[in-house]
Each structure stands twice: as C-alpha cells, then as structure tokens.
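The data blocks that follow each hold one structure.
Both complexes below contain chain A, partnered by chain B and then by chain C.
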Partner chain A sequence: MKHITTVALTALVSSLTLAACSSGAGSTEAAPECAPADGPVTLEFTTWIPGIEDVVAIWNDANPDIQVEVQTGPNGNGGTYQNFFNQIEAGNAPDLGQIEYDAIPNFRVQGGLVDLSGCEEVMAAKDDFVDWTWSQVTLGSEGVYGIPQDSGPMALFYRKDLFEKAGIEVPTTWDEYRAAAEKVRAEGGYITNFSQTDINQFAGFVWQAGGQWFGNDGDAWSVELASDTSVDVADYWQGLLDDDLVATHPAWTDEWNNAYNSGEVWTWVSAVWGANSIASGAPDTAGSWAVAPAPQWNEGDEAAGNWGGSSTAVLTGSDHPYEAAKFALWLNTSEEALTALNAAANLYPATKAGLELPALKEGVDFYGGQAIYDVFADAAQQVVPDFTWGPTMTQTYSDVADGFKSAATGAGTLAEALESGQQKTIDALEAQSIPVAE
Partner chain B sequence: MTTQVTAASASREHRPQVRRRTPHRGAIAALVAPFGVLFALFYLLPIGYAVYQSLLVVERDGTYGEAREVFGGLTQYALVFQNEAFWQSMGRMLLFGIVQVPVMLGLALLFALLLDSSLVKGRRFFRLAFFVPYAVPGVIAAIMWGNLLSPNLSPFKALTRNVDLLGADLVLWSIANVVTWVFVGYNMLIIYSSLLAIPAEIYEAARIDGAGQLRIAWSIKIPLVRPAIVMTAVFSIIGTLQLLAEPQVFQSFSSAVTSNYTPNMTVYATAAIPNTNLAAAISVVLALVTFVLSFSFLRFTQRKAQS
Partner chain C sequence: MSILVDPTPQQAPADAHAEASSPRGPRDSRLSRTGAMLVMGVFTVYFLVPLWWLLVASSKTPGDVFTTNPLWFADMRLGENLGELFAFRDGLYLRWLGNSVLYAGLGGAVATLIAGMAGYALAKYRFRGRETIFNIVLGGVLVPATALALPLFLLFSKIELTNTFWAVFLPSIVSPFGVYLTRIFAAASVPDEILEAARLDGSGEMRTFFTMSLRLMSPALVTVFLFQFVTIWNNFFLPLIMLRDQSLFPVTFGLYGWNTQLNQIPELRTYVLVGALVSIVPLIVTFLSLQRFWRNGLGAGAVK
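Coming up: the complex of A and B.
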C-alpha cells in the first residue's frame, strides 16, 4: 500500500511539473509582424467547407513555394472551435482556420488570433470588402483578425405557389408577416418554423432591427441581450408562438425537413446559404419557392440582418503569417477562388466585386428560375454595420437556446430566455475575469 | 474445515519471513512495467493535470487583455457549488439511476436465468439476440430511438402524436429506455457467465432435496451470482452519472433536453466556452460524487451480505 502511495504521489508531482511547464504557452498575441519566409512553406488549413480541396488544389498548382494542406472537420460550434482552442493551448494549431464572425471575439479573448494589420497586402485589400464584413474582423480596433470569406445576408424565402393560391400578399413588414401568418394558419399551414436553437438567426433579427447584444468600450464589455430592441423582437415572436402561428419542430432534423417538404411550413427568413438548405431538405417543392426582401420593422425601411458568414484567420503559433495571409486573400478575393467556392459550397462572397460574379447573376431552377442572388446582393449592402459579438458566443448561444426551448414548450417566454442568457453570459465572463460593465 | 483454513493461511503468513527476498524481482518489474507506465500516463497524469487545472484562475486586464493563469485555491470549486443547474442535473441523474438501474438489472437477471434454465429452446440465438443492441454504438441507438419516438416521423404515430415521449415530463424515461435497450444484454452476459461457473453438483444436491426450477433459481442461483450483480450495479451507477452521448443526441430531437441536462454535458459545455479551469473543477467534483456513491453502494451490499 505504501508503495502505491509513493508511486501515485510521484506521478502526481511529475504531472504538476509538466503542467506548469506547458501552461501559458500560446496565450500571447503575436506582434503585427509580417515578413515572408526564406524558402518554401507548407501551411495547414482547417475548415468545414465541403469541396474545399478542389479550390485549394488550384492554389497549390500555381504556388509551388506555398503549399496548403487542408483538413476538414465538423462546423465550428459542432466541434472544430473546441479543437482550435485545444490546439492553440497546446501550441500546435493549424496556420489557418475557418472562424465565423460571431466567434472572432471569442478567439481573440483567448489569444488565438494573429493580428494581420502588419501585412501590407491585407491592409491594401480593405476596400475590396463589403464594409460591414471588414468591421466584423477588425472588432473596432486597429488590428485585423481574419480575412472575410463569405456573408449571410437575410431575406424571405416563401412558397410562391401557396401564397398565390391562397390569395395572400407577400409581406413587406413584420406586421404584415403576422397578418399573413394568421391567414396561413387558417389554410392549415404555418408561416414558418421558429427555430429554438438557431440563436444566431435570432441575432440576425435583432441585428436587422438595429439592436446590439454586446458592447466593448476597451475597458469592459457590456452585455445587452435583454436590451429594449432585443426584447421587442422576442415579444414579436412570442406573440406568434402564443397564438400557435408558427411551428416549433427542432431545427435541422428530419422532422424539420419534413415540415418544409410537405408544405406545412410556408416561409423562412434566412440567410443566402439557406437557398441550399431548402433545396436539399425539401426536394419535392422544387420550383415552388421564391425570394423577397426580408420583412421590415418600419414600413419603407431597407434594413437587412445577417446570419452566418466566416473569415479565414491565422491562428496563434503559425510561423508563416505572411504566406498564410497571402493565401487567405487569394481564397477570399480572387475571382477564380470565389467562383470555385460558390460552385463547391454556394459560398456568398464578402467582397464587393464578388457580389457581381457571373455565377450569381443566373436564375436558379429550384426558385422557379428567379435570379435570387440579386435580392441578396441588395440585402448585403443593407446590413447594419458594427454589430458586436460577445467573447463567449458558444456559451451565450447554448444558454439562450436552453431558454428558447423551454419557451417553445410553453414554460417561460423568449424575453425571459434573453434575461437568463444575459445573466449567464455575465457569469461566464466574470468566471474568466473578462471585465463586464453592469 | 476451519482448522485447515487457519493452518493454510498461517503457513502463508510465515513464508515471507523464511525467504526474505522476493524471487524474480526483475521479471516482476518487467511484467508490471507496461501496465504501470500506461496507468501513470493515461490515468494518473490526466487526473493530476485536471486537479491542477481546477486550482487555477484566469486574470486579465481590459476587454482583450492577455490571460494569465494564477493559483486560485478553491475558487473554481466555489463556483461549482453555486452552480444550480449542475446540482439539478445531479439530482436528475440520481432519479434516473434509482429507477433505471434496478429495472435494467432486473431484466438482465431474468434473461440470464431464463437462458440458464432448461426451459428455453434456442439458447444460442437468444443469447446473441439480447446482446446485439450492445454492439450498436450508443449514438446510433439514440438516433434510432429519437426517430422512433418523434411525433411525425415515427412509424407509431398513433402513439407518438398523443403521448409526447420527447416532452419535458417523459424525455428522461425515453433516454432511460435507450440506455436500458443498449445495456441489458451486456449485463445479462456478465450475470450469465457467472451462472455458468456454478458447479453442477450443487444443482444435483438441490434436486435431491426436492427443489424445483424456481426454488433453485431463487435460493441457489441468485445468491451465488450476487457478486456479479453487485459489479454490474456499480458499473451502472458510474455509467448513469457519466451519461453523455444519449442525451446529447436527444438534444436535437427534444426541446426538453438542455445543454446542462446531465453533469457530463455541463462539463462538455463549459469546456467549449472554453473555461477549462471550471470544467476541470466540475469533472473532479463529478468524479468524487461517483466515487462516494459507488463505494457506499459496495459497503452497503457487503454489510448486508455479512449480516
């Protein structure tokens, strides 16, 4: 017995010493240096874009001295972010990683991103990007923490055939949307399915309404999940839930696909990439859909929200930020790469020139031949700039989702979910000594 | 009988005094080393590291200030004990365990006894059939049951549309059903193999004394496989407290499963923030609770066996 104790103690002590050595690594932000390497370079790039290998192959053929190796994984909140955080902590993160706009502050707080503002080519490309996407990667600072890749301007997908048959006008304001919801319900359908877990979609609604969820004055974060605008949006959807005007199938399940495929659900206010989701989830409805601008909070407004969109970021620990930035710029600004990304994964470019890609001017069969990307190009320009994301969005999303789920089952309300999400977010920040203004 | 035993144990005790040195020291060390190294590397070291992590807190200045990890004593543990959702999930798992474990082990024992009795034809087939669910990965099993229970996709719509098996009231028991389905066969096999080890002479003696099948099962088989049942119960208690995959999958089927529905899901969600220090502290507390519960169960059953 005594022997065992000694062995255990030795192991424990040695593990503590080991741990003490490894902690602290990777927590420093690199100074904005951006010098080219002397010889050939191999970069690692982790992303979850389907078909990215073919796009990277174009680059590798043309750039023998900067070879890029791609690894693909699950989407960010589905596991890749967790891997990134672990790899950054361990000091062996890939050079480049896909990071959605809403996760950039989270990675910056954890010291995971290389500031690219020292790279001349990056700074020169600033004006190529749609303005609000650039502010998503600069976080209101002098630094640049990623290269914008794509965006998710939101619009209204609707079942043109069903609306016409029932003689319902396509809603242009949220008030009209509610009125339409009542008529749709009378026809036996639901105007939409309220997703309890896509909190970033809900953030898009708040974003469109001109609200903010977070603020950052440099000294402290302010958490405003339960701000007036945010609660107004929540109350609007709560009204639809209370009156059984929206379906509440769990999102992204077969049940959900079935609701769209069977014609139970008539519209979806979603991002540009949603075009693909409907086409693959509800194949029986091909040709019956159309796209219109998202309903507005005030008649005559032209505001759009955004849902999703990623950047390509250089992660802490990369030895080659210059080459990594060069590749990220090519991937996200060159016409050949943007065309290939759009062909492979329907990515919607974050550059101004990208919005004019020939591929985005064509009619789409699934939408009855409508040139749907014209609607999104307008929306992309109407997205309210300077929406600020918090430093622990994964946690905020999952806590608000917990509340939204209860609300959908009749226990509590969406506004209460925002209140409790606000408190839990403040707790999560304080637990990591991230300053919060109360 | 008694004297023999004492004599044997006495001589065993004396032996080391006669031979001072253990023979084959080097061989023993070489044989134990692989286990020792792996045990230290993949068991003691991670536990030590988790304990170490749980004692740290993060400090930083400004909204994007650099993080410094400093020793924080039991700060993280104070947060764990204030975490209402975590203790609620602990209570939920206790309720789950109190109902699910006896049901599962009761079924496992029943199936094992049936397989062992001479009443059943096609023993091999049933042994395999009961065990097959265990070969299905837990995640796949949960997806399958999730679809079977969902209101509009289930083949049994008449039931699922009227009884909300994925609602707040029943989803815990729907998860219990999945766990039971997966693990009954596994536990049955452990108990069954212990039944096979009972010498046939004992049955013969019982039959000569006039005991029937039921009597043999109740008075001979069950007491003799008690250790196997206790072992499966301990495994099940540990498994219950560490439930993760099934509820994680059910999250996408049910609105009632939150991100901190079980203690392990809270660890998972906290690690994703990422707040590794707090996640480590929660893991350590969870491990201690598991340890205390399984050992009190063992003590309890031992005392009962002695009395």
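Coming up: the complex of A and C.
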C-alpha cells in the first residue's frame, strides 16, 4: 500500500520539485497574497493533540466569524501525514494541519504547504518565537511554512536518590557521563538506555553537538548523516555499548518502562515531554528524580539539543490562508491558548513568553518538588539554531534504526549504520528526483 | 469451506458414552484421541491467553499494569475503568462502538443480501455473459481490500463523499467472496424443481426468491454475513484513509489513534486496554448467537 502511494506521489513530487528548485534560494517568487475573506469562514484543522478541542472552543467562542472545526486522528507517522498527502493530491486537505518539525521539509518539497510570509501578522510575530523554532519553519528560506507550536529542549533526567547513595557526582560533560556510567555499572545498574529504535533521540544528541544531518542551499540537498560530528557522537555511544555501560531496551515498550521503574536505569537525556513519560512509565520512582542540564561536549558550554516539537501549518488548497494563519498565531502565541495546551497535553511552548507561563514555574511533585521547567526554559534558549531536517525523514529514520538495532546486538557499529543510512537516503532522494549536492 | 463438506452428523456426540456408542466411523484409539485433545488444548490456551491478559490488564490501574503479575488480578478496577472509558470525552468510545456496529451490522446485512441475490441469479438463471460476470467477481476475491483504499479515496474525493458515513459504508457492502459462496450454495441447495413448481403456482421471481430461496440458502447467507461482519469490523485501512471526523470513526481506528498518543497522554493506556476488551464483545456475541443458525442449516442439509 505504502508503495503504491509512493509511486503515486513520486509523479507529483518530481513536478513540484522542479518548480521548487527553479525558484531557488533568495527567490523572487512572491509569497501568495494573504487577504481576509469577505464573510464568515469555517476552517478545518487536523491534529492529534488530545484535548485540543477544548482549546479551540475558546477561540470559537471569541471569533464567531472564524470558526474552526477540529479533527483528530492518529499521530503524524501513524497515518495522518499520509492522509495529508492523499488529501492534498485530491484537493480536499484541511486548512490547517499539525506537522512536526522533522516532517516540514517533506511537505515543503512536495508542495503541500502554503507560504505564510505574505501575511503581515505572521512576519510581525517572528520575534515572539524562540529563534531556533522559527528557523525550523522557514527552512532557511524567505518563506514561512508553518507556525511553531511546541518544542522539546533536552536535559538530563537522573535518579537523584541513587546518585547520592552511590556518591556519584551528577555529570556535566559527556566525559564525566561516561565515567559515571562505569561507576553506575559497578553498582549493578545502567546509566541510561540507548534507544535503538527511536532515532530522534540520537538526532537530538547530534543537534546538541552542533552537527547537521542535512543541508539545503536552495538548489540541492546535501546529506550529512555521516559527517564528522555525527560520527563522533555515534562513536561515543558505540563505546558505551561496547563496554556494556548502557541498556538497550526498545523504546516505549513495557520492558523499557520497567527498566526505569525498577531502578535498573538511572538517567535519561530526553526532551521536556519526557517528564511525563517517566512519571507514567515508572510510577514507583515518584519523588526520586531530578533534572539537570544535559551533559556538554566541552566543559563550560551550555548547548542543548531538541527532540520533537511541531508546527501548525496551512496546507495547500486552503481558501483562507489569512484566517488560518490568524488562528494558528493565536493558538501558539496567546497566553490563554498556551496555558490550555500545556494543561491538556503538556505541550511545551515555542514562544519566548510561553517559557515563562505560570504553570511552568511550579515545582513538580514527581521530581521532588523541583521546578524542573526552569531547566528546560534555559535549555530551550540554548538549542543550537539551524538544524535542518531532510525531505525523506521517515525513510532515513527507518534505515538508520535498522543499523542501530544491529549495532545494539553487536553486529556492526553505529557509525556504519549512519554510513549506510547516508547512502540509502541519497538513493531515496534521487529516486524521487530531488536534487542532491555532490 | 471445510464446514460445507464436514460429514459429521450433528446429533452424534451428545451422550456420555460417545466413544463406545458412536454410530458410525472408525473407533478412535485412546492414544490418538488424547493426542488430538492435547493439540487442541494447547491451541485453545494459545488463543485464549491474550484474551485473558487483556481482561486482567483492563482491571488494573495504569501503574499496576507494569508492576504486577500480568496474568493475575491486582485491584479489581474493571468497573471504574469501564466507567471512565465510557465517560471519557462525552462517551466518544460508545459512539465509536455504535459506528462499528452500524458499519459492520448494516454493512454486513446489505452485503449479504446483495451477494445472495447475485449468487442466486448466477446459479439459477441462464443469460449471456453469465460466466464472464462470475469470473470477474471471482477476480475480485483476489484483490486485497487494502490495495483499493487509495483509489477509492480519490474516487470518493471527486464526488465529495470522503469523511462521511458513506465513505466507509459503501465499499463495505461489496463481497465478491459472498457472491462466490452463495452461487455455489444456491446451485446445490435450491432445486430447480421447486422453482418450477413456484412458477407454476404463479409466484413471481422476487417472491420466490424472498420467501423460498433465501431460506434454503440461509446457512450460506449466515456464513457470508459472519465473514463480512468480521471483515468490516476489523477493516482499519479504509477508515484511516477516508475519515477525519472523530465522530465517524469505527472503534478499531479510534483505539489505534489513542494508542499512537500514548507518549503524550499516558492515561490513555488504560482506555486503550479496556476499549480493546469491550470492542471484541460484539464479535463474540455475533458469533455465538449466529452459530446456531449456521449449524442447524448444515445439519438439515446433511441428513436430508
């Protein structure tokens, strides 16, 4: 099935890609006009955020002329993205869709997103957003292909009680992290679990290290999965794997939850939403966790990576980009919406003001009363800007994950997995007639 | 269809001395009988353990699911869990369940009627192109429904019927396999003599079909209905592609959607578990209640 879809889309893609690259960087192609409609409009908005209906209801009450109908379904890779592509092709896509940062280039390359840079309000809101989130939706171009919604700055979750009991310092650099890993192993635990199946975490590590996986100069894509920084990070983790210093449970499984719940695994370098994953997956450890800034590659640095986050994008075919953009801005910048989204689905805002929401200033019981979101607010502003996602992330993730799974069981290495992911990604881009540099 | 050729008489094994007094067939040796029971027992356990796990997990708090014995109860919270599930988002789950019953029940019934009529016509009337039509329908059996979902989506987009009840219902009332089965069954179980007698008595073709032939064909129709019911109930891909409006989702797709959101909203885990448990109840009820017709019909044919 997927194959058939791919074939159907490839035809579409190739024509759109030609259009896209003929305009090139710094293009003179004008952004579409962004004018209000004459009468009342109704917008469709597809997302998978649970409980977002209540947030949208606030908007609908206040804006009788711009009514928004929410449709929720499975998450993006669970089928909603494929549906968007089908609907864009059939010409009946919803006006607004939730699109994660790592999927935006895919939609952009396939011509699925409306450029909002013609909307004055959108351009005026640029400085409200944390800088790197804005570059996630502009893709380094003049255009604006979505409104940042949430972000996933990364920090170090650790078992405060176990570290104190064993007399181990909380690591601040990756070198210290490895040293701590050896001590933890001597205590019978693992310092962390290396996620072999969820490549996003590893991408976050590369991001923090200042690496890139993709580049786009406006004409062609470069693939840098096996670039020096990326391979350095891989080698670091390979070392931990080789010496049996990290556990390798598949992410998001009961086994994985249990490893945290039982105290087998002591830390997790994860995104802000991970706070909830631990609280629900390891209920027996309540009160024992704390959060510290992520370990650094160079002592004294304050770099952070990011894992996850999405945007609200206007999809091609929408008749009302002005109203859609207006709603998306309200949803993702107004304090009432951000507070409601955080309460309903733990979304962590992408705006500067949002980082200071009262709800994010409180201590969290599960973390011994620590105001953990202060750590993430700092991290959010230290996320390395300009990390670029490729247009075929689904394929890239799955190819690299295949290699990582082998590496976790001792066949091959992480660096080899990146090498082979690099080649397969280039093949996939070329198969879709997407220009590749070199 | 092994059930159609199964020669076992229906009334045989009811009494306690079945082994000694079996009226026909070779006498079973104790060894082979034990072996057969053993194999069946193993498979029964194999199929029932997941159900048992589901029942047990549905009765726990989210925390207990990971920390307590997966195959035995901790705190019995099935009632509360059910209550929470049914109340969650104003009874969205019940709505999904109702949708599934509607898609599968109504869809299955209409599909059975259409397949029955088509199969009957193909078996009992002679007309030009009959075999060609039958062969084309047979070809339809070979095409997996999943492969048709995307083309159907594009077609339905043209007539603006996506994201409606019809988008899932209309494709569900087509059952090529049903046509095949009813044709074979009608050819075997509806004698031409009866049809001729009916015609002589002045009964119209429609009346003959609905009053007589349909009843003669009922075992095949029940089979077709059960198959189609289960197929529609479990059809996941079509709703995934066609539907956007939560209030139209069938229960399978709705639960899948929740399951993909577990990372964000871990509380949904309980709802997914309990929801999965409840969602298999209608299937079990349908099977158990229709099984009687199924067997009666077969038995009636066998001892004629």
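General observations
Rule of thumb we're sticking to: the second predicted complex is superposed on the first by the 407 of 438 C-alpha atoms of A that agree within 3 Å, B and C clash if a C-alpha of one lies under 4 Å from a C-alpha of the other, contacts with A are read in each partner's own complex, and residues count from 1 in each chain.
FYI, a residue touches a chain if its C-beta (ideal position, glycine included) is under 8 Å from a C-beta of that chain, and two chains touch if they have at least 3 such contacts.
In this text, all values refer to a predicted model and were calculated from it rather than measured experimentally.
Touch criterion met: A:Q196 reaches chain B, while chain C stays clear of it. Looking at the shared chain after the overlay, A:W221 reaches chain B, while chain C stays out of its contact range.
In the superposed model, A:T394 makes contact with chain B only, not with chain C.
When the shared chain is aligned, no partner comes close enough to touch A:A57: not chain B, not chain C. Using the contact criterion defined above for the overlaid structures, shared-chain residue A:T46 touches chain C, although it does not reach chain B.
Annotation for chain A, partner touching more residues between chain B and chain C: B. Of the two partner chains, both chain B and chain C are touched by A:W252. Of the two partner chains placed by the overlay, only chain C lies in contact with A:N346; chain B stays clear of it. Legend: residue contacts after superposition of the two complexes on their common chain; A:N276 is shown touching chain C, with no touch to chain B. Shared-chain residue A:Q71: touches chain C; no touch with chain B. Within chain A, the residues touched by chain B in the first complex and by chain C in the second are 8, 82, 86, 89, 252, 254, 258. Contacts from chain A toward chain C in the complex involve residues 1, 4-5, 8, 44, 46, 48-51, 53, 71-75, 78-79, 82-83, 86-87, 89-92, 94, 252, 254, 257-258, 261, 273, 276-277, 279-281, 283-284, 345-346.
By the touch criterion stated above, chain A contacts chain B in their complex at residues 7-8, 11-12, 14-16, 18-20, 23-24, 27-29, 77, 81-82, 85-86, 89, 108-111, 139, 141, 196-197, 216-221, 248-250, 252-255, 258-259, 391-392, 394-395, 398-399, 401-402, 405-406, 408-409, 411, 428, 431-435. Residues 36, 40, 44-45, 48-49, 51-53, 56-64, 66-69, 79, 147, 150-153, 167-168, 252-256, 258-260, 269, 271-276, 278 of chain B are the ones that touch chain A when the two sit in their complex. Chain C makes touch with chain A in their complex at residues 62-63, 65-67, 89, 146-147, 149-150, 153-154, 157-158, 160, 162-163, 237, 240-241, 243-246, 256-257, 259-269.
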